[in-house]
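Given below, in the form of structure tokens, are the structures.
Look at the two complexes coming up: chain A is in both, with chain B in one and chain C in the other.
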Partner chain A sequence: MPRVIKILTNYVIGPIITFGVYIFIFGHLLPGEGFDGGMIVASILILCIIVYGKDEMEKRISVNTAVLISVLSAIIFIIIGFVGMAGLRMEHKYFLDNFLPQGSFSHLFSGGIVPILNILVGFSVAFGFYAIFAYLSEYKTEE
Partner chain B sequence: MFEILIIVFLVFILIAAVAAVEMKDLLSSIMALSVVGFGLVIIFIFLAAPEVVSAQLIVEMLCFVSLVVVVNKTSKTDETKLYSMREISPVSAGLFFAIIFIIFGLWGIKGLPPFGEPVMKVSSIYIQKVISEIGAKNIVTAILMDFRAFNTLIEVILLITLFVGVATILRKKGRKDAESN
Partner chain C sequence: MGTLIYISSFLLFLIGLYCVVVKNNLIKIIIGIKIMGYGVCLFYIMISYKSNAIAPIVLKDAKNYTDPYPHAIIPAIMAASFAAMILMLATSIRLYEKHKTLDMSKIKELKG
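So, the complex of A and B:
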């Protein structure tokens, strides 16, 4: 890639990752949720693969690490669902019950498990799509 | 007014979809396909749905980039053979099923509520309970992550299944080859 694109990418990485993380952390207060924020973070990781090449990104975030993070967040999601079955709040005993306290309305710490699930979905989507694109960029036709 | 605009954009999307299927050059076909997605984004803006707009916009961008990369790495022209007019049977079968689909579709549309007047049986309960029981300000996220959290969980598992499929198809060496080398 030309040097101009590399320098521009360097300036863009920070703001866009901050924007994506902001969207999935504030998902319960503003439009956008975990999926949207995760896709924004994934798009900047994919831009890094296109600009710097796959080998350079493999040193920073390897595909195995990305898969591990993606699958671990899904497993934590399921574990939170089983914790909800313990009946911690109002004797509700169903899968994925909102067992945490509500907090004060329209503040960052509110909504019980909603922000936690947002963050988990965001991590899962971001690193999952990064891994898919890393596999796609590795593929070459046999000539 | 909005209904006319929405119908205009829907016709535009249909034309773009047919163009995406019929084009020989794969890059311009991808362009036509992204016209379909961005037309949907404009329709969602008219319908005042910011959540769906953001999701659709980002997914469409990523799909466009991934498809361009895939076309760059594989082949640039569509190599499937077009049916000549002599082979009448596939064309007539397609027309037959299209007519059946249109008949059943019109029959099904009769049962839908009119545009702009949704049936509020379940969603009114959600709107009543979202402040007292969950406390999240954004009702859409509250529905997705609490009332329908099981749905979201299956979505995440679906994404991971997608990733496993891609990794299985695109890996360079099978496990036995790697061991023997």
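So, the complex of A and C:
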């Protein structure tokens, strides 16, 4: 890759990751939620693969680690769903039922379990897309 | 405001179309496809504009909101097009490894 792109990528990584994390933390207040924030973070990870090369990124975040984070956050999502089913706070027992205090209206700490689920979806999507891209660009057939 | 919506988003779409049709480099074609998609997204967002209205976030002393539907659906469209872009970029990396070039006019053999 040309040197200009490498230097520009260095400057761009921080703001874009911050923006993606902002989108999925404020998912219950603003348009866009976990999926979109995770997509923005994944775009910068993929830019890093393209600019710095697969081997350099394999040292920082290996593909196995990415798959592990993605799957773990999906499993925690399901566990939170079953905790809601236990009915700790209310009488009705649904999957993904709210069991946290709801907080004050239109503040960051509100909405019960929704912000936590948004953050989990964000991590799952970001590292899932990263792993899919790494696998697709690296996969070789046996000849 | 009315005609500016159509002109600006159609212009953005045409820039992307020009990029797809004229350029030979695979990466530039992918960028063109993304610009076309952003043109459509911009059209949907701007068509929901209303004067004296705020974004569809519920506040206490607000009376007029813009149409919330595009704000909800456009991030989903962008995420789907991002997944398609991943597929295109991965395919172009594989093509580069096989043919050692990204020029579409030099990649002639599409078999196997």
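One rule holds in what follows: the second predicted complex is superposed on the first by the 138 of 143 C-alpha atoms of A that agree within 3 Å, B and C clash if a C-alpha of one lies under 4 Å from a C-alpha of the other, contacts with A are read in each partner's own complex, and residues count from 1 in each chain.
Throughout what follows, a contact is a pair of C-beta atoms (placed from the backbone, for glycine too) under 8 Å apart; a residue touches a chain by one contact, two chains touch by 3 or more.
In this text, all values refer to a predicted model and were calculated from it rather than measured experimentally.
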item	value
When chain B and chain C are modelled together on chain A, clash or fit	clash
Winner by number of chain A residues touched, once chain B and chain C are compared	B
Partner chain in contact with A:21 - chain B first, chain C second, else both or neither	neither
First, second, both or neither for A:36, with chain B first and chain C second	both
Partner chain in contact with A:46 - chain B first, chain C second, else both or neither	both
Contacts of A:57 with chain B and chain C, given as first, second, both or neither	neither
Partner chain(s) touched by A:132 [first = chain B, second = chain C, both, neither]	both
Partner chain(s) touched by A:119 [first = chain B, second = chain C, both, neither]	neither
Residues of chain A at both interfaces, chain B in one complex, chain C in the other	29-33, 35-36, 39, 42-43, 46, 50, 106, 129, 132-133, 136-137
Residue ranges of chain A touching chain C (in the complex, touch as defined)	29-33, 35-36, 39, 42-43, 46, 50, 106, 129, 132-133, 136-137
Sites on chain B touched by chain A in the complex	50-51, 54-55, 58-59, 61-62, 65-66, 69-70, 73-74, 131, 133-138, 140-142, 144-146, 149-150, 152-153, 155-157, 159-160, 162-163, 166-167, 170-172
Chain B partner contacts - residues on chain A that touch it in the complex	23, 27-36, 39-40, 42-43, 46, 50, 67, 70-71, 73-74, 77-78, 81, 95-96, 98, 102-106, 110-114, 117-118, 121, 124-125, 128-129, 131-133, 135-141
Touching residues (chain side chain C, partner chain A) in the complex	55-60, 68, 71-72, 75-76, 78-79, 82-83, 86-87, 89-91, 93-94
